[in-house]
Amino acid sequence: MAGPDRGKGRSDAAAPVIELRGISKAFGPVQANRDISLRVMPGTIHGIIGENGAGKSTLMSILYGFYKADAGEIFISGQRTEIHDSHDAIRAGIGMVFQHFKLVENFTVLENVILGVEEGRLLKPSLAKARGILRKLAEEYELNVDPDARIEDLGVGMKQRVEILKALYRQAGILILDEPTGVLTPAEADHLFRILENLKSEGKTILLITHKLREIMAATDTVSVMRRGEMTATVRTADTTPEALAEMMVGRKVLLRLDKSPAKPGRTVLEADNICLTDADGVERLKNVSLTVRAGEILGIAGVAGNGQSHLLEVLGGMRAATGRLRMNGQDIALTGRAADGQARRAAGIAHVPEDRQREGLIMEFHAWENTIFGYHHDPAWQANALLMDNAAIRAEAAAKMARFDVRPPNPDLAARSFSGGNQQKIVLAREIERTPDLLLVGQPTRGVDIGAIEFIHQRILDLRDAGAAVILVSVELEEILSLSDRIAVMFDGRIMGERPADQTDEKELGLMMAGMRTEAA
Amino acid sequence: EPALVFDLGGKFDKSFNEAAHNGGQRWANETGEDYREIEMQSEAQREQALRRFAEAGMNPIAMTGFAFGSVLEEVAPDYPDTRFVIIDAVVDQPNVRSVVFSEHEGSYLVGMMAAMASDTGTVGFVGGMDIPLIRKFACGYAQGVKAVNADATVIQNMTGTTPAAWADPVKGSELARAQIGQGADVIYAAAGSTGLGVLQAAADEGILGIGVDSNQNYLHPGHMLTSMLKRVDVAVYDAFTEGADLAPGVQVLGLAENGIDYALDAYNEDLVTEEMIAAVDAAKAQIISGALVVHDYMSDNTCPVQ
Amino acid sequence: MDLATLLQVLDSTVRLATPLLLACLAGLYSERAGIFDIGLEGKMLAAAFLSAAVAAVTGSVWLGLGAGILAALLMALIHGLASITFRGNQLISGVAINFLAAGLTVVIAQDWFQQGGRTPSLMGGARFEAITLPLAETLRAVPVFGPIYHDLISGHTIPVYFAFAMVPVTWWVLFRTRFGLRLRAVGESPEALDTAGVSVIRTRYAAVLICGVLCGIAGAYLATALQAGFSKDMTAGRGYIALAALIFAKWRPWHALMATMLFGLLQAVALRYQSLELGRVTVPVQAMDALPYILTVVILAGFVGRAIPPRAGGEPYVKER
Amino acid sequence: MERMPKWADVLLIPLISLILAFALSALVIVAIGEDPVNAVRLMVTGALGSTYGWGYTLYYATNFIFTGLAVAVAFHARLFNIGGEGQATLGGLGVALICLALPWPHWGLALPAAVIASALFGAAWAAIPAWLQATRGSHIVITTIMFNFIAGALLNYMLVNVMRPMGSMDPATAKFPEGTNLPTLHEVLAPIGINFSKAAPANVTLLIALAACVLVWLLIWRTRLGYEIRALGQSAPAAVYAGIRPVRIVMLAMLVSGALAGMMAVNNVMGEAERLVLNAVEGAGFIGIAVALMGRNHPFGVLLAALLFGFLYQGGAELALWTSIPREMIVVIQALVILFTGALDNMVRAPLERAFMAIGRGRG
């Protein structure tokens, strides 16, 4: 049951509505939060920024009772509050919209909203009551959703609304939103921010988590910065600048431009014509995508997450069947059937650094040395004879590769799981780049990677380009796209919206295209 | 020290195996000596059980059931100094005694009683595994029924085609219910512990059951017409008594040898009329004297009556 | 086939379908809550044993029933401990429970009663008696309906009526109550339930324990109603058939009734006829024995309407990656 | 950073689980009024105290090596094959058909033929569940359970209606011809001066089982196929990324698994019974699960676990003979081993992991 109107932020302005003291949380060997303290004032929008893996989600999940902190205290409206589970958090007036939605896919909106706060043992009265309240909330906050729709039939924007409605239905005075805009178009994001303003004017407190500086500057009153599990600073938004925030986020001056020589594009390496893809659920993911890449250039593909970039990369890498036409070095390449798998692509000279190294790029339980041939395990060089593999040779070569790519520790006998994210990524890169492919596909090369490794990885990609390889780079980080690419294509809703030379465009123009707006080249 | 090996139905099937068990117990009680016993859990265990006992020096080793036949054929030559007794099958080895019974004779007698006790003129038979041996029971039974009432109907069902048919009381009771549905008011169960289900259903539905092998009259007093006794206990008792130097060869036990009989005791005396006893005892005498020959199904795999 | 024979076959179908139905509904609660359960067989077996043992000793079938439920609950608790608390593999836990029951029942029965792993036969009040519904005799003469009422509907034991009543009850609980909503939610998306402030662990334990209770009744029915006592392995694969029926029913209560009746009918026919003459072809009894399993495979293969299990089924709920 | 040293994972955890399982079993034995120490003594002398005991122990172990390897190979591809029982049943059918089809002159010829037949039949029985899993996503656990029952019905039909010799009441095939009788360990060991019991059924198939261990080890850790099986087992998306075709690997892993389970029939049908009877597998397919879990899916571990279970089986049979502890006691032990090493793994693992982390921190 939703509690009384606690945490509505009616207390005097000096007292924080949320105060965290000394929160720590470890996941096995990973220290996700270390001795974190935070004060949030009532009736404000408080931003929390930090790089991937900084521990933002973990901290918020602790506040919401989803995880249990190893140490630390929580005060709500000045009162020490034990939050053992989400039930306690809800009672304390906290609502949370998770980065990955927590909805029951085959329930209706209504059923999802009442789950956990039903009135009595029977559903009928609860559903009737919820229907009324939902209608009111919808009017109040421009949050229209069909209460009888099944979640699985809704788009991401709608699902997010349901999550917000869930929180409001529970009369949350404190609303946590974890990276709410990652899956939204700029227009949807704008709508969301209007709602947040609205809620703030009602006296509610909002915690907004993001790593997008622009959103922080535009929407928040106060901002806290997290780095590697620690809270490094809390400042008033009006008193700071994006540059300063960026510096706090990564812990040193951020480089803005890579030292990059101009591209010398050569012959055409890859031509894709009218690639179309419909996934297992019948959703069209790629709609007539066509592009070309030439030797010695980097083609960046920008877009809001979920607009087809990942699928495109998977199609090019042979992980999914699609229709259309693909030519590599002038040769046709199968897009469906047996010859359309990763083995065939590798044979054609395509190397692929996948978006999710832990799920796809590596076998986490394999030794590093086994991982250094993953995908190339059919190479005759690794065979001792017709039947058996030459493990000694693989191990020796792995050690050398790891040394060249500065993988730490350089021990090929450790399981991939035991390396940090950045070093895992280096293992993948070493494997793919050292094949000197004609074409390198790279997805989110620096997601969750520390800043030192980012520079190293960027440099390797540029080196490969300078050695004459073609590169297709997919990243949701516009800055990364802008600093690495020679040409930039923008994807929206499974289509390529347009293409720009990197030195003739900027974030603003790309942002418009990412929102589905066609702009003519300047 | 003798040993006794039971077949799949288990030592306490209240029927065939239990009869053997009783024989062993009687011997143990009378002599104060001990014997070893084991129950089979699966087909594949038979050989190990026989060998284990032979290895351990058990002698004689008795086993219940035709299913040991082919295994014994194999094992017996390996242990020439051990005597084996097999019941219900003939194994031609110098150190084996094969005991077979004239079940058709006893079945004939209980068939007569069934026909006399039946009001509907329809009686039932539920057999265990569908093998010639059980058909021998059925055929003897049917002959007895027809001898009393030539117009009677005998409904016959077999439970299955594998040894599992000896241990499926649910199926037994469903078959019995089906026969009752067709009008049967006396049912003869010759099916090991499957028969327990048959007799249970008969008692539940208020008709009469006829037990087999052991005296099963006590199971459902008032609902058990009689039991066809097959004195497996006697066979086992005799074998144990004769001990390590029992005479091999084939032993046929019938009415004449008291190896077969029908049961009359306190549990069924109210159900069995004077007239029944007179008729059955007369037939028994005739069979013993050879004046009446009950056809043995196994002699030619056919039955003169249905 | 005349009406009387048909009624007899159907009558026997009802008797044989009852344990399947109870076990199937038991599995439905558990699997709808995301806990796969291939241990239905073991729970039934444990219940069959303890119910028969206690009924034999006390002479009261109701005490026996209680004991049977207790035995199945114990097994359910082990499954809960393994798959909820210790987040183990639910399939392996189910396999272990089946073996545990198969072994323990015989070991204990042998020690307790010295009858080769059986209990003594149950008599009188130690068994469920068939009950005659009101007016069964009076209406018997009415054509068609009379025999149906008298032979088919009337004259079963209490657990049979209970099992049939559980079908609408289960439907109602699942789709019309708060508990049902939460139970279905935890099987689809435990994190949604967790973040809605409801304990995943408690909800799942509740489901697993209900499963235990129903399996307990199923087992007690086998030993104290369908038969008169416990014998080794007396469930004879019924737990697996119930599981098959559950998949066949796509985890829905009314479909579960249909599926278990179908499988019960197959058993009834296979029990009664050694082989079935269908026109020219003779279907051997082994084919009828195997039919439930074959049908299940066909359903699983998705050629006849795909069975989609609860989405979080089989996976322990783990927050830490 | 590792949470736990490897030796703890492969040795300490199974050992603790085993101790827990045995401790509970001992409790059960005490509860039924028997003496566990005496029980152990009986089991040890019965199973290991004579060449006769060893002969049965090794005979059972041979069965369990095959079924254990079968479960282990499938498990490397994260396929839980509970169908060993059915696959071994079909293997038996294959052996019986081949042994009875030809007048084999010498076992040396019959043996390879039987190995091939049993492997083919076993693999064929695994193929359908595998194919349904690979292409239709039908859960292999459920389909293999169903196939166990279907195999039972099929064998029943074959023995009752097709293969039973004329005039026999037994639902079993005829005796296999002389030329197919495999040498027992007695005959194998006699030339090197060891007098092994003549009565025990352990036979040359044991050597095939040992060879299978080595081959499976090579397959899993030394070949491309093994690499791909393990990769798919660890991460299906990664396998797709690497161009490993899941359908192919699922099929191959299950075919190998089914073939191994089927080959058990060479031991029990051809080596021991020398004819095919109902339920010849006697639950060995299920014991394979316990064996693979105990052996951590490693062929060497499987070998050790199979010996352990061989010992338990022979020892348990002896127990049933000389005490009033029923043979089902082994089933209880088996259940507890599966429960502790499989389902309650975390109960043992979590505290150990914490302990090792604490030690690690203390040192660091």
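Residue numbering begins at 1 within each chain, and the chains themselves are lettered A, B, C and D in the order written.
Basically, a residue touches a chain if its C-beta (ideal position, glycine included) is under 8 Å from a C-beta of that chain, and two chains touch if they have at least 3 such contacts.
Computed from a predicted model, the values in this text were never measured in an experiment.
Student: Note the shortest touch-path length, in steps, from chain A to chain B.
Tutor: Between chain A and chain B, the shortest chain-hopping route counts 2.
Student: Just list the two chains that share the greatest number of C-beta contact pairs.
Tutor: C-D
Student: Quick one: chain A and chain C, Cα centre-to-centre, how many Å?
Tutor: The answer is 46 Å.
Student: Between chain B and chain D, tell me the centre distance in angstrom, where each centre is the average of that chain's C-alpha atoms.
Tutor: 39
Student: I'd like the Å distance between the centres of chain A and chain D, where a centre is the mean of that chain's Cα atoms.
Tutor: 46
Student: Rounded to a whole Å, what is the gap between the Cα centroids of chain C and chain D?
Tutor: The computed centroid separation for chain C versus chain D comes out at 30 Å.
Student: Could you list which residues of chain A touch at least two other chains?
Tutor: 28
Student: Tell me, which residues of chain D touch at least two other chains?
Tutor: Chain D, residues with two or more chain partners: 156, 160-161.
Student: In chain C, what residues contact two or more other chains?
Tutor: Within chain C, residues 117, 232 contact more than one other chain.
Student: Who touches whom among the chains?
Tutor: A-C, A-D, B-C, B-D, C-D
Student: Give every residue of chain D touching chain C within the complex, in rising order.
Tutor: 28, 31-33, 80, 82, 128-129, 132, 136-139, 141-143, 145-147, 149-150, 153-154, 156-157, 160-161, 286, 289, 293, 324-326, 328-336, 338-339, 342-347, 350
Student: Can you list the residues on chain A that touch chain C in the complex?
Tutor: Residue positions touching the partner: 27-28, 64-67, 85-91, 96, 98, 102-107, 111-112, 114-118, 120-124, 126, 166.
Student: Would you pull the chain C residues touching chain B in the complex into a rising list?
Tutor: Touching chain B: residues 4-5, 8, 11-12, 15-16, 115-118, 121, 130, 226-228, 231-232, 236, 268, 271-272, 274, 285 of chain C.
Student: What does chain C use to touch chain D in their complex?
Tutor: 38, 78, 81-83, 86-93, 95-100, 102-108, 110-111, 114, 117, 232, 237, 240, 243-244, 247, 284, 286-287, 289-290, 293-294, 296-297, 300-302, 309
Student: Hey, which residues of chain A end up touching chain D in the complex?
Tutor: 28-29, 317-319, 338, 341-346, 352, 354, 356, 359-366, 370, 374-375, 377-378, 383, 387-389, 391, 415, 418
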